[in-house]
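What follows are several structures.
Each of the two complexes below includes chain A, the first together with chain B, the second together with chain C.
Now for the complex of A and B:
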């Protein structure tokens, strides 16, 4: 079992290495101009240089801040609104089609509207991130309420639970696995929207920094920034996965 | 294998008759989705009585139990608890379901599942702990208090459901084929355990089963139902001394006679 996992891990490393080698070869043979595609070695050097100089850290922190606050707003609202909708089957049936309409809307399309209403402000950014990243968590929470086993509803009735007690002790914990999966998805959306938002609104952050490097044809720096996005996305998803594993401990059978 | 000691005295028949009616069904019809499930059910379960309900599947045993639990209103007739019509579930009427896996909260530990009852009652947290321990100790789960249901065996999960019902301090137990999903060894152990618990607290039991020997072994009275539509067909008094013994009781002539009668009753349909 453990050996199998190690083999798979090894294979995925080999695959990643193969991509980097291919990238390096493309640059070496001049298949694509280094102005558009610098070799990975230079992108790496640019990344190390910028990190060592400490010039990237403030931007990274700003982007993390946008992403995290936006995600926090989305998660809180997603669970809260999802509970309000989920608690009543009638409301659920009534609002479900509308939610399905909002969900696939590309949130980045909201930037022009939000800019018109809120201006080029940090709040505008948070509103769009919060709104865009809301849906996976909200829909998962609604669904988590809908999937409470009929037997558990009976037990709740038999014990004489109040509606409030039912929501907090039965329905919400039941929705938890799905809501957490939704929060993991919404984290990715929050990152995407933070970057897009910074580019569109000129708020400081890694997104804006990357755009400026592109405009100045400093492609190694541009690629360094993109690599960093990958790292941020990966690490934040890992953190939520860790949280999921801890909070959903009860599902495991060791 | 130890013989469980049961302090409950053998009641003379007339004393049983004199006990007040705990659960009373009178002229009960139930129609679900245009189908007549129960027709004209008259049945009294007296206080302190261990009543076992048998019958082929689909004859409305569970429906009758759900009526008693207040989970379902009768279409016609009356269901009373201590003389008062049942309209809602009551906390002193506890239900043990067969599907313990679905009836427990999987995200709560054994202690947490019991705690749910006390939380719902509004008992302060300081008082809960010792109560939870007491109830878990009664069913032998004290050492597993911090385990989640998924970490417990089927028999232990059913014990946990029984513990949660104990926390309700019920005057009536409604049990819906509670041991039907368990292996024979576990089933026997739990049968003896439930008899001990019931004897200690002197509660009334409404026990649904399709296992005839289980019905005779546990019951003071076995009520047999017939299907299409579900109705009470016959009542068998079980005049077997208590405490009952796993090895000796099933060998007694009375046990064998009843077993024969019940098999004949069930066979009569085929």
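Now for the complex of A and C:
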């Protein structure tokens, strides 16, 4: 069964390669204007060229920085505030409905407000990423606290645990799986907000670089940049999933 | 002591009301007169103004057209793919690598590309909404189709149903609850992407209305639009949830709203 799976995975790679070859042929025969769809060979050359010239990696690093710092702020605040809210059913009853209102709100809708307050600055970008990516982690943490089994609470009371001890050794570990799942979502949002913010505010980064290539109709470079975004999105999701699995190893696998 | 029972939990409303009053007082008492934030009463005034002159409804219509059309296209593709790849696992294995290669690219990073292809306007927005709303629909449909009881599929085989008939009479009804959850998630994603694209690039709809209000130094309008966007998103979600409960009589998961 496993061998069969591997064969199919290999075939799937071949299929993906076939799509790229088809794309190359379409471009070679001039079926689509290369301004809209450059051949993959040229996009690849543009990628290699820009990396070798050193004109791409600094921007990638800047975008990663925006994303990472914003995500760090969001995760820290999300777990901290989520714990504060989640620990008490009364506070939950007061705050949860208001927080739920923020959930479907597009995080990018914060940009116009934040630009008016902070101007087109790096700090504005970090505030929006931090605040916008906060909600999945915060709501998931609240939810994780809300689902502590009543029996666990009874046991810790019987053991004479202090409230503080209960929070750190029972409630928080109980909320961890959900909080981490929330942090994974927050990371995706942080990446989206970094790109949007760079396009909007002119803060340097891959988002702005890609936009400039489009303005100059340098489509091979544009596709190279977008390809890098795919790599960033894929790798960051993989890293968090890996961390999630590592950190939750103590949990009995369901 | 008898307690008055309200039809809703009043505690959820206490905090937002207090916050609004506090914001109003803080701005009035500090004598703030800048263009960054606005008094809640001014925001309400801005909302009324934008509602009465029709600009808010026009912007809402533009956003909903883009989000709806994108959802129809993307969700439709996701549905077809989910059913086909769910019925034929071999196809799923074959498509795995190309699909996983496209998925992690953030939609906003594609803005420059669709700008070159479509220019500004509804179509560039629709294409990005479609790209995003495809995934929840695809994954949940796929999972739901994979979860259809094998016995049902055997019955279909015994009755010598063709593919179309099998999908229409057996697979879709059995997978409907899961597909509906996918639809709701896709709808949420569609609204978010539509507004984001409007804020970042496209001069249309609610997102652009917010940006424009900010550029015209009208924080009251910008905040009014922010609340309106939240209200529209919340309303759509609540409507779909209510429909879902009516159709399938299952407790809704991840319910948004009090």
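Here is the rule we go by: the second predicted complex is superposed on the first by the 228 of 254 C-alpha atoms of A that agree within 3 Å, B and C clash if a C-alpha of one lies under 4 Å from a C-alpha of the other, contacts with A are read in each partner's own complex, and residues count from 1 in each chain.
Heads up, the rule we're going with is that a contact is a pair of C-beta atoms (placed from the backbone, for glycine too) under 8 Å apart; a residue touches a chain by one contact, two chains touch by 3 or more.
The model shown is predicted, which means the values in this text are computed figures rather than measured ones.
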| item | value |
| --- | --- |
| Which of chain B and chain C A:160 touches, first, second, both or neither | first |
| Chain B versus chain C as contact partner of A:251, first or second or both or neither | first |
| Partner chain in contact with A:170 - chain B first, chain C second, else both or neither | first |
| Chain B versus chain C as contact partner of A:116, first or second or both or neither | second |
| Which superposed partner A:56 touches (first chain B, second chain C, both, neither) | neither |
| Partner chain in contact with A:234 - chain B first, chain C second, else both or neither | second |
| In the superposition, chain B vs chain C on chain A residues touched | C |
| Chain B/chain C common contact set on chain A | none |
| Of chain A, residues touching chain C in the complex | 5, 8-9, 11-13, 15-16, 19, 35-36, 90, 93-98, 100-113, 115-117, 188, 191-192, 195-196, 199-200, 207, 210-211, 213-214, 217, 219, 222-223, 225-226, 229-234, 237 |
| Chain A partner contacts - residues on chain B that touch it in the complex | 69, 71, 89-91, 94-95, 97, 99, 102-103, 105-108, 116-117, 119-120, 148-151, 168 |
| Residues of chain C defined as touching chain A within the complex | 9, 11-16, 35-37, 90, 93-98, 100-102, 104-113, 115-117, 188, 191-192, 195-196, 199-201, 207, 210-211, 213-214, 217, 219, 222-223, 225-226, 229-230, 233-234, 237, 256-258 |
| Chain A residues touching chain B - in the complex, by the definition given at the top | 149, 151-152, 154-155, 157-162, 165, 169-170, 173-174, 176, 248-254 |
